[in-house]
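Worksheet for the structure shown next.
Think of it as A, B, C and D in the order they're written, each chain with its own count starting at 1.
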Amino acid sequence: MTLLLVGLGFCLLGVLTSALPRTYRVPVTASCAALGCALAFCAAMRVLVTGDTVSFHTTLILPLNGFAMTLDPLGALFIVATALVGFASCVYCIGYVRGELQSRSAMGLFVAFILSLLAVPAASSIATLMLFWELMAVSSMLLIVVEHRHRREARDAALWYGVMTQLGAASILLGLLLLTLRGGGQTFTEIKSHADALSPIVRSSAFMLVLLGFASKAGAVPLHVWLPKAHPEAPSPVSAMMSSSMVAMGVYGIIRVGDDLLHGGTVWWWIAVVALGTLSALYGALHATTSTDIKRLLAYSTIDILGLVLIGVGAAGALRDTGHPAVAQLALMAALLLVVAHAGFKGALFLGAGAVERATGTRDLDQLGGLIHRMPVTTTIFALSACSIMAVPTLSGFSSEWLLLQGLLHGFTDASTPTLIALLVGIVALALTGGLTAVAFVKALGIGFLGQARTLGAVNATEVAPTMQIAMALLGAVSIVLGLVPGLVVPLINRAAQSGLSRSTMSPLARGTGLVLAQLRGAIQPAFLFVGAAAVLVAVWLINRRLVHRSARRVDAWGCGRDVQTARMQYTATSFGEPLQRVFADVLRPQSDVELTHVAESRYYEQSLKYQNQVSDAVEQFGYRPVIDAVLRGGKAARRIQNGSIHRYLAFGFVALLVVLVVLA
Amino acid sequence: MNAATYTGALELAAGAVLVSAVMTLWRRQVRTIVTMLSLQGISLAAVALILAAHEHDGALALTGLLVLIVKGVIVPGLLRRIARLDPRSRETTPLVNVPASLVFAAVLIVLSYVVSARVTSVAPSVATRMVPIGVATVLVGYFMLVTRRRAVSKVVGLILVDNGIALVTFLLTSGVPLIVELGSSLDVLLVVVVLQFLVINMGEQLRRSELDQMKELHD
Amino acid sequence: MLCEITLVVPLLVGMLAAACPWHRWIGWTMAGSSATVLALGVALCLRTASKAPITALHGFLRADSLSSFMVVVIGVVSLLATLQTPRTMRQEMEAGITTRRYAGHYATLMQAFITCMLLAVLAANLGVLWVSIEATTIATTFLVSHRRTDRSLEASWKYLMLCSVGIALAFFGTVLVYFAELHVGGGHLQSASLDWTSVMASAHHLNPDVMRLALALLILGYGTKVGLVPMHSWLPDAHSQAPAPVSALMSGVLLSVAFYALLRFKAIADAALGPAFPRELFIVVGLASLVLAATMLIAQRDYKRMLAYSSIEHMGLLALGAAAGSPLAIAAVLLHILGHGVTKSVLFLSSGEIHHAAGTTEIAKVSGLLSRQPVLGGVFGFGLLALLGFPPFSLFVSEFTMARAEVDSGLWWVVALSLVCLAVIFGAIAMHGRQMLLGDAVTTNGPTATVRSVALPLITGLVFCAVIGISAWPLQSLLHDAARVVVR
Amino acid sequence: MTSSFTATLAYSMPASALQIVLVALGGPLLLGLMAKIRARAEGRVGAPISQPLKDIRKLLSKERLHARHASVVLPLAPIVILAATAVAIGIAPLITTHPALGASADILVIVYLLLTGSVAGALAGLDTGTAFGGMGASRAMTIGALAEPALLVAVIALSIQAGTSNLPAIVSSTLAHPNWVSGPSRLLALVALVIVIIAETGRLPVDNPATHLELTMIHEAMILEYAGPELALVTLGGAMRLGLLFSLVANLFFPWGIGSNGSLVGLLVGVLALALKTSVIAVGVSLIEIHSAKLRLFRLPELLAGAFVMSVLAVITGLVTR
């Protein structure tokens, strides 16, 4: 615990050092925060390895409530993931920072954001949790507007994010407080012992409220609208933190409250979680295929992956009280592994996107291209992480998705009908998102990094600073480790899952480097697969070499007989996603618009042709807009209450007096 | 002073307070209204003095004299000056017209009887029997405050509220501690002074005291 | 002795200001007097901590932990406000809004205002409490109309009328309490004094019918000064027209001082009537205030009015906290009073600077503040965040604790409704804040530095807020002591 | 441990190698067979069945040509495609239920190995920096994105029955429970799988492998820039993919004949059985091809959605009739 507190202390120091003069500010602050992350990582790892739970309590912090922290394996796992990405982001920051993020407040907020992310999973009272939760919300909200001067979108995104996150926080607060009804204390230990005595209605409504709040943080559809706006607008190290750690906090909250504090509750809760997860997975994957902004694409893919995580969490909850606790644990482990894996690859992807933005000045895929020639390191790491998210075998995305499938599949044996349907829906979602994710990331890689450069910015791009490359490589390595030898981290994940489900059953997985189900049939050995694949690869390559001696000759590509092919003739990201956009037009509701201007003399010749295609978030447009408009209209109409007439104001009081008298008489 | 005289005098004085309150609601001429107000102040002082005589309470007598001076003389005097500053001193179109106001006043008086019953039942006496009159004066004053457009009429309404409360104070508790009463009377006085200040300032700049036009500040 | 000095210091400075023509050093003396009040408040807190209250002037004044705490609040906020006074006056004189003579009046009235508030919290007698709160109305009326523009005159006229009638109702209520005290235990008269301690001692025997009416009238009456719906209408007008330091003082402490009166009466009513009836009343006005504030903030066009409505919101929160009524809730209410006082005065003072720089109070006409004046914009922005209840600022912990205490008292539905309102308010204020603070500067002059003497106190105020929001020592035991005064 | 290790060394590894070689040779032959059937149905003699193999050999000896703007992805992709397919073939239960790494032969592994191949192909298409490459990649990925879930869910319908997603285990348990084969769930899954395989291997009515009109191409557009040895690898990869998918369908639904006891004879029987079964499927698929015209690109989703729904129905039916 001391180690974690010292780590947090270093982060706090980082907040203070952000006041240093410009020259030292970024390196010193980022180093402090990186050191803090490293210490927190060690502290959390120790808890995960030994399985001990440590806690810390003081009444000297947080007036009237006291400050309570407990580090148990469940929280530790989330801290590990956060600390990894946090460390990488801090290292990245040293090379990245220029312009707005360099300012005092932005650096300070960045470190405060990391601090709160590291502390949320360790908080063990409602007050402490809400303290860090709100700190996380406010620091991230302000970080989104760091580039407010030039980007109107950033201002809007921050507002959306702020309102959604406040609604979520309110919902969480109310839900948690409901658990203290009738004299329960506010620390988690007290809630745990008190909650069983509460009526099922209170417990269910508390969970539903908490679920709403946490799910909105996890970007679950339809509470996701803030995410594709906010994540792209934040500076890239912040986006990386938001997308890989902050959304995970939503998952953490659901597990903590549902599984740990409330001991599982009823099946319906978890079916709701699976439903949210399914919606998010499909909706996120679908939107990722049509996005052309690289960070927006990544944001939607976050919604998708978090949806899968929620499916795992929901399956675990639904199965925990059936005859298959091992399967429940398996599903939860899958969800947790996916969280960690996601932290790795999504962190690397966002950092990579940041590198691209830094090098080319744009995030629009349609203005990139050919970066593989100019930014080989960034491209390699981005490609690796993209492969991981596409679940290419022997990478981390695959290991976790396989584990998730096992959790869902083996739950089918004698589950109740509602659970059965939930599991089935989960599998369908898992299957569907796989293909869609592949489309999205082939697009991101192929359009963004391969082919010819589409704009000057892409032509003039150069490889980014070494610290940024190191940071990306660090996170890229997570994908490889978790993918090749997932068995090594399984004991740790198992500890976290046990502490999440608050029971100490055997690990459902056997020891080893691969993932081998202990009692059930199913296994993958990614390391062996990799060796096999490498053997074939080398063999083919050798044969290829032997057969063909000459090196390749460069020729022009086939252009239907045209001589010159320009970069503008390439397929764009918009056109790449167009077939799927057409297929799912009912869900995506694209708005396209053709504008044809004719030459003045003749209607048969056109002067210019303009085609616009836009896919906006249908949920936002049809679910949120009307509500927002109604509220704004209501606010405008309500102005008439205070119309400035003193007669009216006096009448308010007179009527109130009369009402009081009549009521009391 | 024997009991019958005491009761009669008290009833007469209290009655005068209510009558003058209703009169202010009825009349439109500012001068008349201010006169009524002066009359009310004097009646109020009379109530205090009668009670003081009945209970041999020196402090209350002092309060009565204070009320006589402030509410019977000074405040009406000041209001008269203000009214003179303002050339159009008729309450032309109140928000609720006069007959309706009177009907409403009757309702308010009934309400105040009902409300007061719960309070006076604690200590029934000759004095507390009159409490409804005080409450009614408060309500009528408040009503006037709400429905009259002109600044002077509004202040008169406020003073009616204040007088009503003072009457209740005398009848229920034979006056509050002197310092409080002092504060209360001073308050009314200051309100009128502030009003004068404002009317003068506004008058200088705008020559208008139709409050309806004072709607610059709104949402 | 402490009590008397606390009153005498600001009074003497006020007399000084009345006697001498305005000069900058009078402004600094005022700040000095506020600092002294603050120091005395701290001393009072130390003296009364967990001990019997101290009395002075033959029982005319009494300081218990609650009063001492309120003295501290008044001290802190008035220090912030008076530190800005010399600058405000200089700006106004330069702009030709005011003259040396009026500046002198202003200083005198400010001191009178502060003295009245101090008297209100130190008075042992509920009648004196009423008189001094009444007196603040008079002082502030002139302060609101200090600029003598049409709008400020209108505001002060509305303020005067609405508050006078409100305070009259409070007087009515006080009289009824007095009557009840007189008739404790049946027909024959007791010796009654309106002294709070003695009323509390006999509170169990007060006639419930009378007390019910009295409490309702008191809530309407003092609620006017607190700014609780439906008696709130003066508040946005007055706050938006008064000079910034006056708005800061009014919003920061005057409202809370009136609320302090309500707390005292609520303690009596709780004992006389049981907790249910007072709770219902407080919930009704509290929720009404929250809902109104939320509604009016959505389409707000004026940033000073925005801050004023936010005051209504926070007073509503206080009312809800008081409705919960547990010691924890009252402690949180008091912390909220302190936090809100500091935050709101920082905001009003910085909004005064914004007004001075931008020449308008319209939200739509201010933009890119962070780019133009980074420090001022930062202070205003962080102030708004503090006001919205974000950690590490103390409003977070007080709002959280109030919510906790309310749920603990079974008022979860109140918490639910208020959280909805708070979310709407967040959205509204964030929207307006976005308009004012963000975006590129329209001018090409580059960022303007903010005067250090302005920035420093405001930043200190915010830091203070953050510190008391995180560190429990030394405030926590004080809050518990103070809460125990009005709740058993 | 030692015995299982020796068994792996002596039986499973050679068996896997045999599978790979078998499919590498057999896949092109299946292509040739299908072309032959089509030619006969159209009244032509047609090229010999071994023509695709000859084509590949010819291509391997040609010059390597790379598009001007292409990067390392272009030459790398065929190798990745080939490697991913070969690994999938090596671990899948094609001629024996005990291939090397059979424990890892999970349905998800196979599907995602195939997906890896598609991704590599699509990236190569985009790498050329031309309109056709991008178009082909986009269309191929779209079809893949819709077909792959159907494939996965269809096989999951079988794995729910068997209680595992391990392919050799599914095949073994089907062998142990012959009555499963005739269940309605299997039938639905089979139909879904056939449609998926047609889509995944680029056959009519989804894609026309013989087209020479760029705008109608899917797979051919994607690999338009390949020439010489790399084209040979891509073609071989495609053929192996076809062989794998046909073999999988064959063994998942009609597992008889597969070597399940670890004997050499079993292997030989397995080879013959596989050749027979895949040829039957090839004939079936070419019959479908002969009787259908290419669908418009935007009608394809309906077809694939149908396949997907059928596979979901297969799962539900499987659960209901469990």
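The definition used in the following text is that contacts are C-beta pairs under 8 Å (C-beta built on N, C-alpha and C of every residue); 3 or more make two chains touch, one makes a residue touch a chain.
All of these numbers come straight from a predicted model, not from anything done at the bench.
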More contacts between chains, A-C or A-B: A-C
Chain centre separation (chain A, chain B; CA means) in Å: 68
Whole-Å separation of chain centres (CA-atom averages), chain A against chain C: 43
Chain B and chain C: spacing of chain centres that average the CA atoms, whole Å: 31
Chain A-chain D separation of Cα centroids, rounded to whole Å: 35
Shared interface positions of chain C, touching two or more other chains: 157-158, 161, 165, 213, 236-237, 296, 299
Set of chain B residues in contact with two or more other chains: 115, 118, 142, 145, 154, 211, 214, 216-217, 219
Sites on chain D at which at least two other chains make contact: none
Interchain contacts (touch definition) - all pairs: A-B, A-C, A-D, B-C
Touch list for chain A against partner chain D, complex: 289, 369-370, 372-373, 387, 390-393, 398, 401-402, 405-406, 409-410, 412-413, 420, 424, 427-428, 431-432, 434-436, 438-439, 442-443, 445-447, 450-452, 514, 516, 520-526, 528-529, 532-533, 536-537, 540-541, 544, 547-548, 550-560, 565, 567, 569-572, 575-580, 582-583
Of all residues in chain A, those that touch chain C in their complex: 59-66, 105, 126-127, 130-132, 134-135, 137-138, 145, 148-150, 152, 155, 158-159, 162-163, 166-167, 170-171, 173-174, 177-178, 180-183, 186, 631-632, 634-636, 638-639, 641-642, 644, 646, 648-650, 652-653, 655-657, 660-661, 664
Residues of chain C touching chain A in the complex: 157-158, 161-162, 165-166, 169, 212-213, 216-217, 220, 224, 230-231, 233-234, 236-237, 292, 295-299, 328, 331-332, 335, 368, 370-371, 378, 385, 389-392, 394, 396-398, 400-401, 403-404, 407-408, 410, 412, 415-416, 419-420, 422-424, 426-428, 430-431, 434, 438-440, 468-473, 475-476, 479
Touching residues on chain A, where the partner in the complex is chain B: 638-639, 641-647, 650-651, 653-654, 657-658, 661-662, 664-665
Contact set on chain B toward chain A in their complex: 95, 111-112, 114-115, 118, 139, 142-143, 145-147, 149, 154, 211-212, 214-219
